[in-house]
Each structure stands twice: as C-alpha cells, then as structure tokens.
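Below, chain A partners chain B and then partners chain C, in two separate complexes.
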Partner chain A sequence: MKTIGIIILTALLVASVNAREIKLLNVSYDPTRELYTEYNAAFAKYWKAKTGDDVTISQSHGGSGKQAQSVINGLEADVVTLALAYDIDAIAKQARLLPADWLKRLPNDSTPYTSTIVFLVRKGNPKGIRDWDDIVKKGISVVVPNPKTSGGARWAYLAAYAYALEKNNHDDAAARAFITKLYKNVPVLDSGARGSTVTFAKNGIGDVLLAWENEAHLALKEFGADNFEIVTPSLSILAEPPVAVVSKNAKNHHTTEIANEYLKYLYSDEGQEIAARNFYRPRNEAVAAKYAANFSPVKLVTIDQEFGGWAKAQKTYFADGGVFDQIYQP
Partner chain B sequence: MANDRIKARKIRVLPGFKLTLGFTLFYLGLLVLIPLAAVFWKTTTLTWPEFWHTITMPPAMASYRLTFGASFCAALVNVVFGLVVAWVLVRYEFPGKKIVDALVDLPFALPTAVAGITLAALYSQHGWIGRSLEPLGIKAANTQLGIFIALTFIGLPFIVRTVQPILEDLDPELEEAASSLGANRWQVFWRVILPMLTPALLTGFALAFARALGEYGSVIFIAGNIPMHTQITPVVIMQELDMFEYGKATAIAVVMLVVSFVLLLSINVLQWWTNRYNTHNLA
Partner chain C sequence: MKTTKLKQLVIATVVGAQFTRAALAAEAAATGTNGTAVADIPAFAADAGSAGEAAEIKALQQQVEALVQKVNALEQQHAPTEQTATIQNLDQQVRILQRQREIDQDAAVAKAATAPKVTLGANGFSFSSADTNFVTQIHGVIQLDSRTFFHDNDAKGVDGFLLRRARPILSGTVFHDFDYNFTPDFGGSTVQIPDAYMTYRYAPEFQVQVGKFKSPIGLEHLQSDRDISFNERSLATDLVPNRDLGVLLKGDLAGGAASYAAGVLNGASDYNGTTTNTYSQNDPSFVGRVFFTPWKNSDVNALRGLGFGVGGSYEIDNPNTNSATGLTPGYTTDGQQKFFTYNKGVFANGQHWRVSPQADYYYGPFGLLGEYVLTGQHVSNGNKNTEVNNNAWEISGSWLLTGEDASYGAITPKHNFDPRLGYWGAWQVVARFAELNVDSDVFTSGLANPNANADGAQAWAVGLNWFLNKNIRANLSFSHTVFNGYTGSKPPAGTLVVPAQDENVLFTRVQLAF
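The block that comes next holds the complex of A and B.
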C-alpha cells in the first residue's frame, strides 16, 4: 500500500515537472498574418523560458467583421485582435463573451500598436498624387474596399472625411461633397483589404489604392518596390486596432492567465519591435524612434476627437441609409 | 376489391412506398426545411415596418433587379449555346471529343472563387480579353456585363447535361421522316426537334437560373460591387451580416427565397405543361 502511494506521488511530481502543452487561438483580421506569425514564435519562446510550458498559438484571419461574427457564432477564440473596437464591442454586446468595458483593461485603449491609411500609387506616381485633394479629381481611379464590410475601409473613409472637415473649417456639407466625389472615383469595392490590394496590384485597376500603412509596405515587398510607391497624405486617421481576451472562452479553456500575458507581451520592448518591423506604429516611444525611418510623419486625428467614437460614426456614416448609402443615391 | 389490389400491386413493383416517402420527407425536412425555417424565424427580430423598410431600401431593390435580370439573361444565353454544344457532342464524331465533353463540366468542378479571380484577371483592362475589348469601348470587368459573363460561365453545364441524354435518345429517323415528307431544315428543327427538347431545355434553364441567383464567389471578383450599380443581392446580404444586422440580412434573404421559389415553381408548371402537350401531340 505504502509503495503504491509513493509511486503515485512520484508520478504526480514527475507530471507536474513535465511541461504542459497549452493551446491558444487568436482570431485576427486580414493584414496581421505576418505580424502574428512572427509574434507568436517570439511569445512561445518567452513563455517557455518563463514557465517551462509549451504554447501553441493558432491563427485565424479574415475580414474584421466576419471574424467577429465567427466568434459570436461560437468560434472558440481565446483572444481577438481585430481592426476596430466596434467589432469587439459587437462580441461583448451580442454574445456577452467579454465585459462591455473591455477597452479599458489594457493600456492605450487596448491598442498596443496603431496604424494609419496611406496611398499606394504606381511607380513614378504618373498621376502626381500627393494628398487627398488629388484623388478626388476627375479621371482618377481609386481602389478601396467597401466600408460596410471592411474595417480598413472604414478607417480610410474616416481619414478622407477628417481631411475634408479640417480643410473646410468643419463644414459638414462640404465634407460630404468631398467624400461623394471621392467614391464616384471608385470603380470597384472589394469586401476586404486583401481583395483591394489584389485588384490594384495584380489586376492593374486604379491609379491609387487607399490602404493600411502596413498593407502598403507589404504590397511593396510582395509585388516589388519597382512597381509601386507609397505616398503619405498630409493628414490621416490614427487607426487603432484593439486586442482583447475573450474572457468567457479563456475561462472555459483555463487559459485566462496566458491569454492575458499574450496580449500584455505585445506592449513589451520585443512585442513593440515586432510590430514596428511589420510596419505597425509602436506605442513605445523609444521603439518608435528606433524605427522612425519606416514611418513618414503625418498629422493624425483620432476617431474620438473628430467623430465622437465608433458607435456614433457607425450610425452616421455606415449604417443603412447613412452618409455612405446616400453617396450612391441617384 | 380484388381488382383494386391487383392494380395497386401492378403500379408498385417495389415495396416500401411509405418507408421511402417518410424518409424523403424527413431528409428534405432536415436538410432544406429546417434551415429555411430558421431564416424566416430570424426575420422575426424585425418589426413589420422595419422588415418592409429593409427589403425596399434602394440598394436592395437595385440588387434584386440586377441579380434576377443578369441570372435570367445568362440562363437564356446558355439555353441557346448549351443546346448547340450538346448537339455537337451528340451528333458528331471528331478528334478530342472526349476532352471537349469533359471541359463542359469544368465550371461545376472549379471552386467559384478561382473562376471569379480568373475571369477578373482575364477581363480587366490589362487582361488578355479585356485588352482587346477596351479599344471597342467595351468594359467587362467591374460592370454588369462582367456579372453576366460570370453567371453564363457557371450555368453552361446545366443546359448541356440536361439536354444531352434527351438528344441521345432522339431517333434521327424522325428527322428523316419529316424531311422525306417535305419539311425543310428549319421546319424539322422548329416543329420536330425543338418540341421534344423543350422540357429538358426548361429544366436546364431552371437549374442554371437557380444556380446563378445564389452565386457569390465567382461574381464578387468581377462585379465591382458598387451599390445601386453592380452589387448583387448576395453581396447586400453579406454587407448586412458584416454589420451584425442578422435580422436585416435574413429579411433580404427571404425576398430572394420567395421570389426564387415562385419563379422555379412556374418554370416547373411550364415544363409539365409543355410535356403534356408533347405526348398528346405524339399520340
């Protein structure tokens, strides 16, 4: 009896010394594939060194709204890293998988890195596109995804709108006229950022692509820097793609601790460097200074300052019958 | 009484009518009716005015016209050219016939997204075909013409495959008899061949039409998806889903379902009617 007890005890001890294997699912949006591939490897290494446990992180990518829907419909994400707060709000509201005040749980409104909207133009900039005014001119063809289905496209729309507001002393009618002119120049609205990049870069449609800054840099890498160049406008929007632990799922999977650590590590020096290397603007100023060459200076406005937050912007501009729909009314 | 029993036995050669009917209903219920009922159920999150407002908003209305119109035209064109393809495949022998026959099925097998990307690349102004259309002032990519092309592409096999077996069974002697009785070629085609093919053509048309109505993958890449202009209804539905408007999305889906059902039902009735006319004529 005694020997059996000792055997069991040693077995338990050995088991606890043995590394546990933990699985984590990060549900993200389209252009973060490369960022999280690099970050996951770095985090797994960090976690192994810290706790001895092996962690395997799975990734899922797609349009931000679609990804949020999947989580609402039961995709068991431990963390979500989406294009805009509105989509994570939807998970909190519709499925109650995380508290409504999730945005305040991590520093910088749960946004460890930021991005903005820039222009990608063809090599040599044959149409001479320098700023927003140039892309609403007659005869310029602009490629941008549908703001109703793409997070990046909503940021792009708001960036253009913010520029028009600033330029016209916050005259809303003038800004609407500006945005109408802009979308009249759009021959194709893809459903997501990657779709638009392909339309512009591969199918050769359009003079300018309105893209996430990191997506534009990626397109340069992917399709050749001798084919395209990046133009940074004078003013753009501070795009804040937030991250959050899906509390209920993480609790069920017993991954709450590691999921929190996974997101917190994004704010560490290493996490910030990885973000910067993948052309996301880091929050950490030292890292930002180190990678300053990657990011052209641009005046950035926030959605809270200019548009009073996501809920309001969504309702005014993108909901059915909103300003975006009115652009296309005859 | 005894007579009746003999009659019943004569009709049902195989036993198990009740069992198979029961299974059919169960199977259809599980696979088709329950999901469809769920669609209708989801719309109950909307009030009647909301429902009406959603299904009649201008982008949705424009998308119905486009979706049904383009699907109808594509299916119609396929009826004509699908018949020609089927005719060639049945009536003539030529080298490489087996390959051509297999090619017809390709739109079935190809993932629709692949078809869409390929078509978009071909028809864009720098693509192989788009380049030569451009000087003629024809733009296919990102126009309604592009949608029509994609829907024609995916619909072709339906006509060919429904007409082919009927054509194979068609006895060339009928045509010979007609021409020996003095009918010219046009009359032979119009009065002898076509009436016998009409039910199969209608079936093929209905299948191609239904398939085109629900098509998403191949269209979105070539359509442009501009509201009021090149946005098909499935894209409007996806748009609502992406904004977490499940009720509105299903409301528009219900319109698609009801209209499609009514259209397909009338095609079935038409088919039954032409078929009856046919046998009557032959007898």
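The block that comes next holds the complex of A and C.
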C-alpha cells in the first residue's frame, strides 16, 4: 500500500509539472498599459524563440501605491513595475516578498527607463500656461491625481515643490505656500494617473493636467492632438519607475528564471525601443538619441538631490499627517 | 451691470443738461441779462417759444436716442460674454461634481472589494478576507435522540433521550491553501475531539492532511454524521476504524471522476479511535482508498450517480501498554449494545488487515449504498496466536417521496417546511440490511466466551426521515437484530439484553446542522 501511494504521488507531481503553463503576472502602475501590452508580446516572442515555451503575461494596473498594497495583501505578482521605489520598498518591508536590496539587482537602480512630469493644456493654451507659476494663479483649474495613492501624483507634487524651492532659494516656507496655492486650484483628485487623464481629456475638467510625459503623449494620440498640447515647464523631476521580481511569489510559482529574464529584457535594444516608442525616456543612449525628438529638453532634478530620497520624502510629504495632509483641504 | 450703469449715466447727463439749460434760460428771461447767451442755450419746448429751440430739442432727443441705442448695443455685446462665462463656470462645476461622484463610486467599489465579507445562512457562519485567502467558518451539529427497546426483559437504563452529538465545528482557511478543522463533541457522556486536522491544498489532485480525522476506509463511515440514513451506522462499520491520527495524502483526479487517499496513521482498532489522541503501538498503519465516479461529469444521467471503489488498511498490531489491547472495545448493535467482546487478557499480536469493496448509486430520488468489509487480525491470549477473520456487509436504500434528488451528501428540500404556505419539506423512506460474522475460532481458541457473546448478527431496519429544511431534520426508524452463536442461558430479567435475545429498538432524532 505504501509503495502504491508513493507511485501515485510521483505520477501526480510529474504530471502536474509537465502540464503547467508558464504564466506571469506583472503588477504595474496606471499609465504603463500600452507600454507593457507591446512589451509583453515582444517578450513572449523572444522567449518562445529562445526556449520554445509559451508564456502568457497578465497585467494589472492602478495607482502605484494601491497596487503595492494589493501585492502586500496577497495579489500574487511575479514582477512589479511600479511608479516609484518607495512602493516596492513597502512590499519588501511589510510582506517580505523580495529582498531589501532589490534595487541593486538590475542596472540603473532597477530603472530601465525614466520619465518626468509635464503639463497638458487645451489647444491654443487659452490660459497661457507656460510654467509652474502659471498654474498657481487664481482661477486656474489643475487636474492631478491623489499623491496618497498615485505614484505619478507624488512625482508631480515633488516637481512643483522642487521648482518652488529653486525659485525661492530653498525657502521651505515659500515652497510650502506655493504648493498650497497649487492644490487650492485642484478641484478633484483621482486615485491614479489614468483617471486624471480621463478627468481632464474626456470629462473636460480643468485647464491643465499634470501628467507623466508618456501619459501626456498618449492623451494626444488617444484624445486628439488638435484638442490638446504639451507644455514642458522650465524645471521638472527625473521620475525613475523601478522594476523588481517578487521573488517569493516567483519561487512559489516556479517562475523565478523567466521573471528575471522578463525584466532584464527591458534593458535590451528591443525593450528600450519599445519604451521610447511609448514615450518613456530610455536608458540606452543610442536609443535615446534616436528618439530625442520625442522628448523636450528640460532641467531635471532628482529626488535624492532635492529631497534626500524616497523614504524621507514619503515621510515628510505623503505619510499620514504629512505636509500634503496639512495643506490639502478637499 | 456696467452697461446698465453707463446707460443710466448717459440718460442722466442728457436730461440733466436739459434741466440746466432750461433753468439758465428762465433765469436770463427773468433778469433780462445776457440775451445772446440765453438764445444760445437750448431749453425744453414747453419753455421755449421759438422754432429754433424746438429744433434743438429735437436734435437733443435724437442724440439721446442714439446714445441709448449705443448703450443697448453695448449691453448686447457684453451680455453674452458674461452669460457664457457663467455657463462655462457652471458647466465646470457640474462636470467636477459628476467626476467626483464617479471617483467616490469607484472608491466605494474598491473599498467593498477589499473589505472582509461576513455571510450567515443555511451553510453556517463565514467570515472571510476580501481575497478569500483567509476564511473562518462556524458550523454545528446537534442531535437529540431517543431509543426505546421492546421485549428487552425490562432491562433498565436503556430507554430514554440522549444528546448523541453536540459539535461546534470551527473550520477555515489561512493563506489560501491551508485548511483547518477543529471539532469537539459535547454529546454523550464525555467530551471528545473527533476531528482536529490541517490540510494543505497544493492542487485538487494533491492535498496533504495531518492530524486526527476519519480513517479513509469505510464508505458508510466516511459519510457525514449529519447525512447518514439512520441514527446509527450499520454492522459493517463495526469492522473499520473510526478516527485515527497521522498523515494523509489525498486528492481528486479527472475533475472528480476519481479520488484517492493514502496515509500513514497510528492505527486504530475496529470502530474505535474517537477518544484516542495519542498512540498505543510502535508500528504504523498504512491505509488507502480509491473511489471512482467515472460518469460524474458525463451526460448519461442514469450513470452520473454511480460510484465504486475499495478501501483497506495494513498494520502490525503491537500494543505497548497494558491497557491498550489493540482490539475492538466491542461490536455493537444498531441500539449501541455490545454483542461481542474479547476475553480479558486477549490482545492483538501481529498482522491486521482490512479490505472493503464499496459502491453507491444515486439517481433522482433513489439512493443505494452498499459495502463489504473483510478483516484479518492476529490475536493472542498469551498461549496461542490466532488469525481471526471477520466479515460484514450492508446494503441500504432510500427514496425521497417528495421528489428531491438523493445524495451521499445533504438533502435539500424543494420546499422548506412552512405549513402556512402548504409546504411540508422533504420526506424520505429508508431501509437497510446488515450482517456481521465473527470468526468462530474466537470461541474454539478461547479468545471470547460464547456464553456471553454472539459470533454473528443480522439486522434490518426501516425508517422515515423528514427534512424540514436544509438545517432541520427529524428521523423515525425501527431496527431488529438477531444473533448467532450465543450458547448461554437466557438471563433473568433486567440483567442482559443482548445477545441473549433479539434487539428491537425504535429511534427518533431531531437534528440541527448548519
């Protein structure tokens, strides 16, 4: 009887391993839908050619902070491609699903592409919005998502704050007054960047949308270049959306190898081309040069230089009771 | 607003000029001074007598009208701009409110999706996390029975009510793949723990269970206590172990068309183990069972409910305590009276195996369940080691008079009991025959006393079950058992009931199960 039991068990295990399909779940933030739709198809083709295996990659999108919380709560992502390092740090610290040094596991601090924050205004720029000073004027309606839930919104907040600091000789009180005026002009806070794009472009609310650069270009494509135009401010922030393998989940799913390859392929020429085509600034210099026309020159500050890194910025501005909670009154 | 004021200003200026000029003219006429000057100043027609003045007044009137027209034109130019701005502003406000409402609705949906869920219904109480990775369920079974024995020589203490089972069942899931079950029983005379186990579900085909649970051998025994046809299981179940402790590998194959279970357990004597929470011998017991329902997922309705399989166990009995004999505490009748026990000083000593082919069939309101159990156990009285071969079988049938589908599991009435609406729940008639034969060597080898025991019993039973709803059930049944091999004298009244005489017992039960 014991022997029969072992034989049955072995047969079941072998059968289950052979029958397993390769599936990956990429939990990402709001504006990357189009990027990863194109990239997943390219990677599946690459993987099929390399190994002969079929891979199906599912995508999940939402506000970066909300997505991170979902993974912490049990959404079994094999990889996360979120808007900011803090959100992946939260997964590592709270759920211990990946090692604390995840940021150093891939080149460029695990950021295969970058982006920044720009303005999307209505065609003809009827309110004459050229720089950050213009959007804090009385009567200007600004659309931006909630920095409590959206990574893009946090980048936008910090870009505006950095501009105010630069303009006021790093006088924090003046910068705080500036950001307060800005958020007084915000009539509605969406939970994610895509929601804000819909609010501005589809629902016709507001005079200016603070958007990811790629999201602004996407809005032109989707809602019509004859309806909107992009304004690049004099200063913005270097947004670095990182990627990481959720190693515990990948191990449980037996997808560690392919999950790593999936992210590494983002650094390949093809991966970089796809990123650039979707208006993400590629790390690869040759590809960046090729697509230079897509990206307006802008002075970019980094979060490390201006705010001392994500942990400090999060605690100061976006944690419960932080500056944002103090200055924003819905 | 500005244009209105402008219009009023123009009119006031012109009219004021008229009054001023008229006043100056009147003053000049009265004083006789500056006649030329007076003539140059136009005045109201009523005050002026000359045609020139009238013409001038007319010119002024035209001038006023022209100015009014200009003011009106200005008003018309300004009015739409203000209205447009107002409309645009209102439009923005409406859009913002609409969008805010959408965002609030999305947030409410998202919050609901992440909120824990609480459900309460016929299947008990359940509390689960939004992603169902964590679930806690509370179920329960309460069975209040009565037993009334007939022609029992007035034996005392056997008729009456009893709380057969009173089990709160705490079960659930942690981290999606790990199930647990903890079931104490407050029924009977002592508190017991029939079930306390955890199950890891890697896949439906591969699950590992550890703890204390039913030994997977007998078909009737594996049927839930709440779903068995009669108050008590049949004689066939006397030959299989009850609960046992150990590790079990189990699973469903081919979408449930087949199932298997294989485990390493402590080993338990026949229909024993409910009260056991430790081990009593060094050597483990290997148990296994396969069961097939090949047409379960087919379109052949008549065969969908057919299942068959075999269960069995093998162990080396080597009880290592004086109190544990490794033998059954006694084979019992439907009325739970012992009709066979081994002599004192007899103990299990060697191989012990069981084989139980089994089948059931359910089609519409009709149900049939049967099994055969064959066992071999080496038993010693200290002088002689004897292999005792016992066997038992049973077959039971059921018919739901109210047309519901019969099932190995719970019966769900078409209409719950509600006399106000003319609904009476589900009614089921059941019948069963069972037989148990103990190896006659037990008497010839001095392992048991034929003057106090029978080496065989046959029992038939009929009953009527009433399912008021999915949770409430009432049973009424009668069982008659006869015995073989008893050689003792008929005892005096009030001393021994079986096996000196047949057993006739009427059962009732009211059951709450959720």
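In this section, the second predicted complex is superposed on the first by the 306 of 330 C-alpha atoms of A that agree within 3 Å, B and C clash if a C-alpha of one lies under 4 Å from a C-alpha of the other, contacts with A are read in each partner's own complex, and residues count from 1 in each chain.
What we mean here is this: contacts are C-beta pairs under 8 Å (C-beta built on N, C-alpha and C of every residue); 3 or more make two chains touch, one makes a residue touch a chain.
Treat the numbers as computed from the prediction; the structure is a model and nothing was measured.
In the superposition on chain A, contact of A:G65 is made with chain B only, not with chain C. By the touch criterion defined above, A:S141 reaches chain C but does not reach chain B. By the touch criterion defined above, A:Q94 reaches chain B but does not reach chain C.
In the superposition on chain A, A:G74 makes contact with chain C only, while chain B stays out of contact range.
With both structures placed on the common chain, the touch criterion links A:S191 to chain B and to chain C. Touch criterion not met for A:S234: it reaches neither chain B nor chain C. Contact comparison for chain A: of chain B and chain C, B touches the greater number of residues. Shared-chain residue A:F318: touches chain B; no touch with chain C. Common to the chain B and chain C contact sets on chain A are residues 66, 187-191, 195, 199, 203-205. Partner chain A is touched in their complex by these residues of chain B: 54, 57-59, 117, 120-121, 124-127, 141-142, 220-221, 224-229, 235, 238-245, 248.
Within the complex formed with chain B, the residues of chain A that make contact are 63, 65-66, 68-69, 72, 90, 94, 146, 148-149, 186-191, 195, 198-199, 202-205, 314, 318-321, 325, 328-330.
By the touch criterion stated above, chain C contacts chain A in their complex at residues 92, 95-96, 98-100, 103, 106-107, 110, 114, 129, 131, 133, 176, 203, 205-206, 249, 251, 253, 260, 262-264, 286-288, 312-314. Remark: chain A residues 1-2, 4-5, 8-9, 12-13, 15-16, 66, 73-75, 141, 187-191, 195, 199, 203-205 touch chain C in the complex.
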